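You will see subunit A twice below: alongside subunit B first, and alongside subunit C after that.
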Partner chain A sequence: MEIVTQKNPKRNAGPPKKSLSPWAMARRKFAKNKLAMTSLFFLVIVGILSFLAPYITTADVSRINIGQMGLEPSKEHWLGTDKAGRDVFTRLLYGGRISLLVGLSCTFFVIFLGTLIGSIAGYFGGAVDNLLMRFTDLILNFPFLVIVIVINAILFGRVSGLWVLIAVISFLYWGGIARIVRSKILSEKENEYITAAISIGCTPAKVIIKHLLPNVLSTIIVQATITFATMIVIESALSYLGFGVPQETPSWGNMLNSANEPDVLQFKYWIWMPPALMITITILSINFIGEGLKDAFNPKSRR
Partner chain B sequence: MSEKKLLLKEAPLLEVKNLETAFDIDGTYYNAVDQVSFTVKPRQIVGVVGESGCGKSVMSLSIMQLLPKGVGKVTSGEITFDGLNLEKMSEGQINKIRGKDISMIFQEPMTSLNPVFTIGYQLMEVLFNHLKISKREARQKAIALLKSVGISRPEKIVDEYPHQLSGGMRQRVMIAIAIACQPKLLIADEPTTALDVTVQAQILELLKDIQEVNDMSVILITHDLGVVAEMCDEVMVMYAGRIVERTDVDTLFYNPKHPYTTLLLGAIPKMDDEEERLSSIQGIVPSLTNMPVTGCRFANRCPKAMPECFTITPELRETDPGHEAACLLYETSKPREGVNK
Partner chain C sequence: MLKYAFRRILGMIPMLFLISVIVFTLAKLMPGDSLSGEIDPRNTNPQYIQEMREKLGYNDPVPQQYFRWVGNFVQGDFGKSTRFKIDVSEVIGERLPNTIMLGITSIIITYILAFIMGTYAGRKPYTLGDNFISGLNYLGLSIPAFVAGVFAIFLFSFKLGWFPSNGSVDIGVTEGTLEYWLSRLHHVFLPAVVLGFLNIASYTQFLRNDIIENSRKDFVRTARAKGTSEKKIYNVHILRNSIIPLITYLGFDIVAIISGAIITETIFTYPGLGQLFLQSVGTRDYPVLMTLTMLFSFLTLLGNLVADILYGVVDPRIRLD
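Right, the complex of A and B next:
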């Protein structure tokens, strides 16, 4: 008897152990993944630097400075200046702002649209499913580059380019996500807890939002990271081709554009190397984070 | 006994008339539930027994309007619950009844709870769906409910996740969710099939206690005749989507009429028997797609089958007072000729 009474207070002395939700378990697993954590750290730093750009450098991003064209890296210009005499470091920071903004907002809209349409199609099935999925097929069939070029031509000079670009990319890209979400919902809704949820009087909206989506959220999050990386590539590629972000706005893709000139490509590495590296490393780290998340959400991987 | 007699005279809580539920298989609809009619009176426990695939679960899902969309649907019949026609209700109206006046317990406790939410959250959800209640009250009530279904340490369990609970405990939680709003009718679809024997007994005990305390009616679906004997007032035996016999529980065990029931009872292994082999019913339930079109659906497995069993479809009729069977052996007025066309 004595032993028991002695043992009990000891047990209660510590903080009460809270039950770990599946989310908390995934978070712990993610925190143990060194590569993913390093990538996350890098991405956060890049994000902070980009969004605080005006406080970090005082140089003017867009003012052309004829006296300082194509200078090598120096104390004054850490990464040199470009062909128009603008500080590369400053442009890199401001460019990161645009690239990350385009990436993030495209990802947000793509995931939002894809999840909305995919979950409705998957949950209701039948005619609704057919209609929405054929619409998705239609969208996925649009030739991406042609559409972007045409819309760019139509809207040129009328609307601020950045948000048009975001809207066009988002509109053309949600199809893939919708398909993935639909297929996940299709398998998830066969579970008995969904029937159970309906049987206690949950409305379809409630069943989808409260019961189905949390169970497919891990897939959606992993897809979101992959989409984020893709979006940055797309923005860079379009800007490089001259159909993306308007020329006067700095973005990593726009900065790469100057590598078109053989002179720059061959002799002025400091103009194109930094944005190229930033694009590569950022995408790599996003992909590592995605891998890490996938691992963390997978109950079978024990690390 | 007199109390029981009184009970039988009351107006039925649930009345199912000529229910037919069909499933779409490659474009054709096949009846999984065929011409099923029965009533459930207040405070009555009605058992539904039958082999796997005989339409028990489909029948219960039809009552709850929970059939998988686009695959199965109720093609004809009426389901009247407490004066309301469930069949003609909109999705919104039926949602107000589900979980409040009728609730359901499912077979598989391991998958009936959402893995990403705590037990308390899922209990509170049904309360929020149907009652105007504050978060604190709901939590209090959730703990009280867990206590009432015999879960020790309910204050702790309320914050735990389904994966931390055993099968028996999860089924208790499911029962707590089902009775949270004190429903008038509880449909228990094989509530103990997935549990081991000792836990089974506890859960059945609990169900019976709760039924008495809450004055509920219960439809208990099972393929365990032992469960029926222990729990039910009335029993329906189903075969291939039809009710073949319906009577009170004692009559069923001591004086079964339908050959199928007799064989089912004969298949129960007995401790004191010296038999070498367990007796079984030969053959299997015909699948939905090759159900016999005319005649008794059990005819080709029935040891007492007569030639006319294959042509005349027997109807469920009263053989003794309070005892119905669907078998040609008991057809008193024999319209053998003529019906065949």
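Right, the complex of A and C next:
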């Protein structure tokens, strides 16, 4: 095996930089956006706290404690306990873990599928484009929530779990992304550098990955943030309705499910309000980050 | 225009066929008999199931079963509900008016609120009022409908007592009287606002941006140069241009109401199709479930079609391709 110590020694020896690259410009613009940076900071904190949940709290998430049902917030239980005597704060942390995990994985798969299908359709055009786009139309013409619930009802009792949910959501949601990526690729591929790349013998895969995708990446990133927010909403909505994450696993949507009981909703605000607020603030900050990114990537906007 | 609309409607037929095939496949994957509802899924006696399967033709080839189902479906025979023991069409017919009322109220509230806030913010951009409305919009776009619903019940039903938290009408009022309709409106108002929550925010934002953009165009400058009053410029010249694109969203409203109704009706225990849909999953009433799935899919397709055609009406360039 060969060990590469310096991959490209000449890279740093180029002429001195005159102006910033578009990426550096975007980064700088984003860093100046206070609202977006605050949101990013908040999101990172929530992420770290959630993923370190087992080290932060020692309480048992799943153990039902009959002696401590529905306690008000106190020193011992910062956010009180729920109807089964479980610590709400602990569940909030573990719930964030699941909600963010589902949100991130769904976003990843949705963006991956959408980009793959959109770029293939856009690059090749013709019959391939037609076939793939009719398929996309079909996916887009489904009532998303209805089909997810029906599929869940079919799978009920046979297979269940987090990854099934992620797969079902991802498979039914990539349509919008595919359309956007395709239209971007369609206009981008008319450029001369693409003709040049093809004429020197680049394979289609190489043209798409090396030349086309980097130029539509800003759109994909902005779409990814929007999708991330949507996915958190979808996960929590499905869990709230009882068709998402398995009931025994805490997620923000599952915790909010207890608000269906009038008694909890009316008198025990500490059980349902924390997850409701967490969902809202998380989505608000993702939206702010999305707006910030959109602004940062837009060369016309000056700040 | 007619030709364009006709072409779009024709294009819908293969899509409808594909969707019906997929719904049929999903129905076949369900345990028991989810299409006619003659076999009770809770009766597990193998001999009974064998006999019923033979009688109902479940041992026929699959394509034959598909065409029989589609044939019945088109003629309005949706099978029997295993839970209520009556025809599915009756079960759905009972709930349908409630959902239609919810949807229409929601659309009316959405457009009125978005119109008032959007025109105000568009006319006075970057003022205190505009910033306030923008702030509201950010909240509206970020609070998911079910969270908004839970908060709305907590605040307006339990703490303030302004609106009822469940049901579609008070018990004890006679049908047809003014009191009856007022009671229904009273019940439908809160779910309708929650259902339209996201749309109110996005339409307001859209109208505001469109008005600001239009107010910088040449025709507005011409109107100003002629000495047209500012009020007339905004209310006639600009509004006419800004309101038309908004109308194209009507198609998407149908789509949004379908998925929104499932969530909203469940939160408010409002007896409509969305609640029926979730109940039928819970009680394994598969014939109702599959009919509703088909109905929702059809309406979604119709909504997208309406949106497409309205786009063609508003922007004639789209009709060319």
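Everything below uses one rule, namely that the second predicted complex is superposed on the first by the 282 of 303 C-alpha atoms of A that agree within 3 Å, B and C clash if a C-alpha of one lies under 4 Å from a C-alpha of the other, contacts with A are read in each partner's own complex, and residues count from 1 in each chain.
Assume a residue touches a chain if its C-beta (ideal position, glycine included) is under 8 Å from a C-beta of that chain, and two chains touch if they have at least 3 such contacts.
What you see is a predicted model, and the numbers here were worked out from it, not measured in a lab.
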Please determine, from the superposition on subunit A, whether subunit B and subunit C clash or fit. fit
Given the touch rule stated above, what does A:126 touch, subunit B (first), subunit C (second), both, or neither? first
Check the residue A:227 against both partner chains and state whether it touches subunit B (first), subunit C (second), both, or neither. neither
Subunit B versus subunit C as contact partner of A:219, first or second or both or neither: neither
Mind working out whether A:99 is in touch with subunit B, subunit C, both or neither, as first, second, both or neither? neither
Winner by number of subunit A residues touched, once subunit B and subunit C are compared: C
First, second, both or neither for A:241, with subunit B first and subunit C second: second
Quick check on the superposed pair: does A:197 touch subunit B, subunit C, both, or neither? Answer first, second, both or neither. first
Lowest C-alpha to C-alpha distance for subunit C against subunit B (Å): 11
Considering only the contact definition stated at the top, list the common interface residues of subunit A for subunit B and subunit C. none
Subunit A - residues contacting subunit B, complex: 18-23, 124-126, 191-193, 195-204, 210-211, 214-215
Which subunit A residues qualify as touching subunit C in the complex? 137-138, 140-147, 149-154, 229, 233, 236-237, 240-241, 243, 256, 259-260, 262, 265-266, 269, 272, 276, 279-280, 283-284, 287-288
Which bits of subunit C are touching subunit A when the two form their complex? 15, 18-19, 26, 29-30, 138-139, 141-147, 150-151, 153-154, 158, 165, 255, 258-259, 262-263, 266-267, 277-278, 281, 289, 292-293, 296-297, 299-301, 304
What does subunit B use to touch subunit A in their complex? 64, 66, 69-70, 91-92, 95-100, 103-104, 106-108, 111-118, 125-126, 129-130, 159-161, 164, 174, 177-178
